[in-house]
Amino acid sequence: MHTNNNKIHMDIAHIKFLFKEMLRIRRFEEKCAELYTQEKIRGFLHLYIGEEAVAVGVMQALMPEDAVFGTYREHGHAIARGLSMDKVMAEMFGKVTGSSRGRGGSMHIFDVEKRFYGGNAIVAGALPLAVGLALANKMQNKNNVVTCFFGEGAVAEGEFHESLNLAKLWQLPILFVCENNGYAMGTALAISESQQKIFRKAQNYGLAAHAVDGMNVVEVESAASQYCHSIRNGEGPCLLECNTYRFRGHSMFDTQLYRDADEVEQWKIKGPIKKLKRWLEANGKLAADELSQIEDEVAEEINKAVAFADKSPFEDVTDLHLGVYAEETS
Amino acid sequence: MNNKQTLKAVITRLILDIAPEADIESLDPREDLREELDLDSIDFMKLLEALALETGITISESDYDQVNTLESMIAYIESKK
Amino acid sequence: MKTLTMPSFGSDMATGTLAQWHVKAGDTVSKGDIVATIETMKGLIDMEVFDDGVIESLSASEGQELDIGAPIAQLRSLNENDESTNIVEKQSSVKSEDPKTNINTVSQNKALPNEQEKNTKNQRVEADSKLSQQNEIRKRDKFLAISPAARKRAADLGVNWRQLSHGNGPEGAIILQDIDDAFNMAAESPTKSKPTPAEMMRQAIATNVSRSKREIPHYYLQLDVLLDNALDCLSVHNANLSPSKRILVNAMIYSAIARALEDFPAFNGFYIDGQYQPSETVHLGHAISLRTGGIMIAAIRDAQSLGVIELMDKLRDQVARAREGGLRMSEVTQASVTISSIGDRGADSMQSIIFPPQVAIFGLGRPRKMPWIIQNAIVAATVVSISLAADHRVSDGHSGARLLNKINKLLQTPEKLL
Amino acid sequence: MNDQQLSYREALRLAIEEAMNADERVFLLGEDVGNYGGCYAVSKGLSETFGPARIVDTPLSESGFVGAGIGAAIGGMLPIVEIMTVNFSLLALDQIVNNAATIRHMSGNQVSIPIVIRMATGAGKQLAAQHSHSLENWYAHVPGVKVLAPATVADARYMLSMALKDPNPVIFFEHVMLYNESDKLPVPEDCPDMHSALVRQSGNDISLVTYGGSLSKTLEAARQLAQQDISVEVIDLRSLRPLDTQTIFESVHKTHRLLVVDEGWHTGSLAGELCALVAENCFWSLDAPPIRVCSEEVPIPYPKHLEDAVTPQVEKIVNAVQGLLSKETVS
């Protein structure tokens, strides 16, 4: 993928890469659902199924040194950012080999080497942190982008407004990515926000902002790349609103009384993976055997992760106090 | 102070070391020393040890019955001097 | 073959009701299809299947409530030996896994929830009844408040604070100052003089022996033992030793007793709260008479493993220290059996009173010359009377007699004891 | 120049200035810390010295700028965040408790958050209930943060410097009545390690344990009690988390009595925690129940006579000690 005069030219190899990345997330989340019903994964589990294009698209625009703040629906963010499935799965099994030594679980995956500063279980809780990290980068003249994912539910929190204001006030190198999937748990956007176009709220704070089809990975990637490009040029913070949809409940214990089934079906037809697969096949770029080969590779990566997580040990109870304070670390 | 009196003084002092509350003055020199002063066998051995160090005379086990009273003890030591 | 089980949709969900089947035996299904609807406390949730295959059989009926993980259907996957799909089955689930040290073990070793509730319920019943008893007791005798520090100081100084009518603390509570005052007052006032150590010891001995007499069913045995072999052996040994190195015959007798006791556990141990606990080793208590009156029992530890020479050294050392008040607490309290000797100027024989919680005590008379029959001829012999008083709850005369004979036998071969 | 005086606020400013000169990564952010010079004038003049890029005035968005401070610490900076008073910190509790205190442990020790969050605290200026809270114990309850309460000019000067070198998030409480206090120019030796308590005055009859704004009242009570030959030991906690329990226990083992003076409300107070610790660890040394002088359980009222009636005062401390020693005063 190369960007010149910020018009994105995509070659087929890159599009297949995007397809496989989304498929890796999709199959990973399906396996998590299965493991949850067998009580292998506990606590809360929020699946990213349906929103894969957002994470995969945005991550293409980021450099290794850029930072990412996820949400509690963060498996897609983590995998698209390049965290190993082994570590993510082990974290959900609560094992010490997990990305956070098993202490955080599905909603708190950390990997500082990948500059992945975790999910956050407090809605909008990470927005001020992202602003702060961008402030630190600016003060240390590091020309990196901080990317902060959040759902449209977060815009109702004061921290959203405080953070966007601070970001623009201090011209910080930060890309806000709003995954607008229409529902904050059971609350449809229409019954919680007077202004339902989230990017308009950002424009009011002076941020460059617009909305894209969150189901179109190519469109998401090109929009994210353009914004990162302008941010790296010092043109200040931006907000990208991705209109998307989650095909599963808010979490595993969700009877989805708040929406009707055919709305879900409508969105499934426009699903990000189905859409790209249709395009590739229509252009003769994805033969059946190549597809099943991709599926097998993905299945193998996932089964290896499950096996790794299953046989990993738990953290020893005697290490419980390590890491509460800096001096007690070994 | 002839030899007998010095020996009596020595023995009296050694006894008092072992049994400070012993009533030496009213002791009849011919009465059984251990009976009168309630010295048990361990005390008696400590006394003989002290006497051996002080007088150079070691009283063997077989001679125990020759030193039962203060008077006989003095006579025995004098005879060995 | 793969078993479909009742799925869990949340950790707070113990069971699920199979509201409706969307498939029947023989139907082919593919991964992600909805095969049933599950009724949960939050409402209906669709259950998907995670593999392609053919429904072999349904084992749960509609409306049936089942535990999480209970089998509800059998699925024959398309290629029967498809390893990858049932990798999950082989691994045990997090809950049932039994890792050595993990956060789960902290919860696993607690009793199962319902047992735990049962325990706490009947604990609560017991606690209530105990509480009411305590209230009864408290009503009966006047409750006297005392501060923890005062209670500790009273114990240290041996002041019986229960005799104080009231204290200077809040609501008459007894505090440190009251204990110090009581202690000092007792020391100064001539009339109610503080008991001298000797008087306190006499009091202690009095309470001890009367309790022993009251509680322990004593039986008594006595045996005269020929001492000449032992005396001859000792005179050879002591011949050219300085007095302080010489071995007393008592040490020889103590050693014989200690070794004999190894084979008679019922005479060497502790009887506490209706239970007899034999001692693995012989801590031989021996009574030391103090010149200022009273006796102290010092224990020679592991006496059965000491040679006579070693035992004599310990004896000499303990007697000297006892008379200077230097015995260690452990030496005074740890005897598992006791010997009381009248000494070479005392009575011919002596019967003693057992020191609780021990279960036996030996009494040695004074070695004495007397006529003795050896092979039908009368000879002059030196003899000592060894008496045994023992606790009939633990042993009986027959084994006591065999013990005395064992001691006698050992004393006839004294060189073995050296 | 040895009689030169230094105020509590100037001591804080010196510590900040010294840290900012020594390390580029140190910067101050908070409401009115720049142009206004700080609501308690702690940062007066710093904006001229270091410029608005390092003395950052923030909008009234406590959760926003405290969270930003925490994020900057994650990003490698050494921020000092000033929250005007503990009363406004309630809006930032989520960022402090769920992010600053938690992320190191929850991330499996990957993320470090070296930040100092300063706040004014306490009553005494007739600011009424919403501006007079003493909530130090809310923060001292949370594992993952350290909590300090300097009561003297020397401690303000050097405990802040130590806090700025500590790799953990530190909550730094400055009692409002202390800013105007002044003392001779302190030297580092005046200030032991920030984690340890300090016996300000030794005594034998009773241990008075206190911190921050209550120290001066406690020392005055000790002075009055000395005239009735009651020998009082005064311990200044200085660190509320971790607590220097060794110093406290040694004192109680000696005096057999404990009185804690704490401006928080009785219920759930730090004083309650201290009494529990002493009851558990010094039970057999106690000759009287451990007791507390705390604030009455009412919102702090505006009028002076009521504010004084609610908060710990010297007379209350003296009466409590006398009651405990059951020595009727002569008067």
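The chains carry the letters A, B, C and D, assigned in the order they are written, with residues numbered from 1 in each.
We take it that a residue touches a chain if its C-beta (ideal position, glycine included) is under 8 Å from a C-beta of that chain, and two chains touch if they have at least 3 such contacts.
For clarity, every value in this text was computed on a predicted model and none was experimentally measured.
With contact taken as defined at the outset, chain C and chain D are each touched by A.
For chain pairs B-C and A-D, the one joined by more C-beta pairs in contact is A-D.
Averaging Cα coordinates per chain places chain B and chain D 80 Å apart. Between chain B and chain C the centroid-to-centroid distance comes to 51 Å (mean Cα coordinates, whole Å). Chain A and chain B have CA centres that are 105 Å apart. Inter-chain spacing, taken between the CA centroids of chain A and chain D, is 41 Å. Counting only residues that touch two or more partner chains, chain C has none.
Contact topology of the protein chains: irregular, matching none of line, ring, star or complete. Contact between chains, per the stated criterion, is found for A-C, A-D, B-C, C-D. The part of chain A that touches chain C in the complex is made up of residues 30-31, 33-43, 93-94, 249, 251-255, 257, 299-300, 303, 306-307, 310-311, 313-318.
The touching residues of chain C, when paired with chain A in their complex, are 5, 7-11, 13, 31-32, 40, 42-45, 47-48, 50, 68-69, 84, 87-88, 91, 93-95, 99-106. Every residue of chain D that touches chain A in the complex is listed here, in rising order: 25, 27, 53-54, 56, 58-59, 61, 63-77, 79, 94-95, 98-99, 103-112, 143-144, 146, 166-168.
Residues 256, 283-288, 326 of chain D are the ones that touch chain C when the two sit in their complex. Interface residues of chain A facing chain D in the complex, by the touch rule stated above, are 67, 98-104, 108, 110-112, 117-118, 120-122, 125, 127-137, 139-140, 158-159, 162-163, 165-166, 169-170, 322-327, 329.
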